[in-house]
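Next up: some structures, all given as structure tokens.
Two complexes are shown next, each including chain A; its partner changes from chain B in the first to chain C in the second.
Moving on, here comes the complex of A and B:
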């Protein structure tokens, strides 16, 4: 395991002093690989906060090009980047936000054929997608590889999140057995900002072993009423995808 | 009679026109009875939105929780409701 440098101890001091986390927790983050699927509304806050927390290796995959209509929420991308690949823009910004970590950003469409290779030996997969078909592909790869999968989704000022531990918790297909039709969804940037940050907290807790994970619970954030609630989830024993674990 | 609180989320709020409401039900009523009352109150647009046209069952991508518990793991639409129960109806959200 790679040790912390003097620079690390200074850069991450304010989280190292967190009771229960310490240098051991920081070392775990430094030696972890996190796969972020998507560099959009969720992918932006997710990757920024993973980067500043000192996750040693961040791999992002995205197949889009930046458009003006993305900029109300995708804070990694700026006006000057319109027309650029989100993967390239993300790499450029994240490398400057934290030059001490390894960032790989790939311009590619995640498919059932390439997902296992793209995910590789990641310690955690973060769902920053905007559609269910790709989420299912990621869910299935997470189950196959037994890698935790942190789900997030938003609509308007609403957001949802849960942490899936293959074989131990409900998988995405247990919770949502069928995908809705794709839609152009309303969104205020602060909603993916909030849910993306929750996802990063889940990643940090999982990797460092502190706190309790958001497992078998679906957190619902309702911005219009400022209510946060949790719904209890259960594994579907007959789930065709995770029932065998 | 028993009173049930219903909360709706996401795009479903537009269809209902409200975020939350109280519904009075007969003592032996189930979730299916509650939904029928909602269909009567808010029109067939709600039925079309959440029921599968052919089977007249809940569309598989809708989630309903009673007091925070997924009805898939209780008795689905036949789940018995008690006075004071909170029913949350969630359409799927895919944004990211």
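Moving on, here comes the complex of A and C:
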């Protein structure tokens, strides 16, 4: 396991002093690999906060090019970047935010054929997608590889999040057996901002072993009423995808 | 004897109903399906079309129905009877990111 440097001890001091986390927790983050699927509304806060927290290896995959209509929420991309690949823009910003970590950003469409190779030996998969079909592909790869999968999704001022531990918790297909119809969804940037941050907190807790994970619970943030609630989830014993685990 | 239950709607269902929360008076032995039918009558065809599959006439399987935070699938599904003070939440999955 790679040790912390003098620079690491200074950079991450304010989280190292967190009770229960300490240098041991930081070392775990430094030696972890997180796969972030998507560099958009969720992918922006997710990757920024994973980077500043000192996750040693971040691998992002995105197949889009930056458009003006992305800029109300995708804070990793700026006006001057319109027309650029999001993967490139993400790599450029994240490398500057934290030059001490390894960032890989790939311009590619995640498909059932390439997902296992792309995910590789990641410790966690973060769902920062904007559609259900790709989420299912990621869910299936997470089950196959038995890698935790941190789900997040938003609509308008609403957001949802849950942490899926294959074999132990309900998987995305247990929760939502069928995909909703694709739509151009309304969104205020602060909604993925909030949900993306929750996802990062889940990743940090999982990797460092502190706290309790958002497992078998769906957190629902309702921005219009300022309510946050948690709904209990149960595994579907007959789930075609995770029932065998 | 009647009692009150609370219905919470999210995302597109909230948009169609124009309300995030509805309180209704129900009679004893009222089931989740009874409430769904009542809401469909109250909020019209658009609401109904979001709840029921147009072809099979069955409730869309992607919708989450939770009573006090627990899925109705863990109970008696849509035959589950509501109790005084229950909150029934109906959540369409959201896919945005």
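The definition used in the following text is that the second predicted complex is superposed on the first by the 245 of 245 C-alpha atoms of A that agree within 3 Å, B and C clash if a C-alpha of one lies under 4 Å from a C-alpha of the other, contacts with A are read in each partner's own complex, and residues count from 1 in each chain.
We take it that a contact is a pair of C-beta atoms (placed from the backbone, for glycine too) under 8 Å apart; a residue touches a chain by one contact, two chains touch by 3 or more.
A quick note: this is a predicted structure, and the numbers were derived from the prediction, not measured.
A.B. asks: Taking chain A as the common reference for superposition, should the pair chain B and chain C be classed as clashing or as fitting?
C.D. replies: clash
A.B. asks: Contact-wise, after the overlay, does A:45 reach chain B, chain C, both or neither (first, second, both, neither)?
C.D. replies: Neither partner.
A.B. asks: Answer with first, second, both or neither: which of chain B and chain C does A:232 touch in the superposed model?
C.D. replies: both
A.B. asks: Contacts for A:192 in the overlay, against chain B (first) and chain C (second): which applies, first, second, both or neither?
C.D. replies: both
A.B. asks: With both complexes overlaid on chain A, does A:158 touch chain B (first), chain C (second), both or neither?
C.D. replies: both
A.B. asks: Which of the two partners, first being chain B and second being chain C, lies in contact with A:131: first, second, both, or neither?
C.D. replies: It touches chain B and chain C both.
A.B. asks: Per the contact definition in the header, classify A:148: touching chain B only (first), chain C only (second), both, or neither.
C.D. replies: neither
A.B. asks: Considering only the contact definition stated at the top, list the common interface residues of chain A for chain B and chain C.
C.D. replies: 38, 40-43, 127-132, 135, 152-156, 158-160, 175-180, 182-183, 185, 187, 192, 220, 222, 224-225, 229-234, 236
A.B. asks: Any idea which chain A residues touch chain C in the complex?
C.D. replies: Result: residues 38, 40-43, 127-132, 135, 152-156, 158-160, 175-180, 182-183, 185, 187, 192, 218, 220, 222, 224-225, 229-234, 236 of chain A touch chain C.
A.B. asks: Tell me, which parts of chain A touch chain B in their complex?
C.D. replies: 38, 40-43, 127-132, 135, 152-156, 158-160, 175-180, 182-183, 185, 187, 192, 220, 222, 224-225, 229-234, 236
A.B. asks: Can you list the residues on chain C that touch chain A in the complex?
C.D. replies: 10-12, 14, 20-21, 60-62, 64, 66, 69-71, 73-74, 89, 91-97
A.B. asks: Tell me, which parts of chain B touch chain A in their complex?
C.D. replies: By the definition above, chain B touches chain A via 9-11, 19, 59-61, 63, 65, 68-70, 72-73, 88, 90-96.
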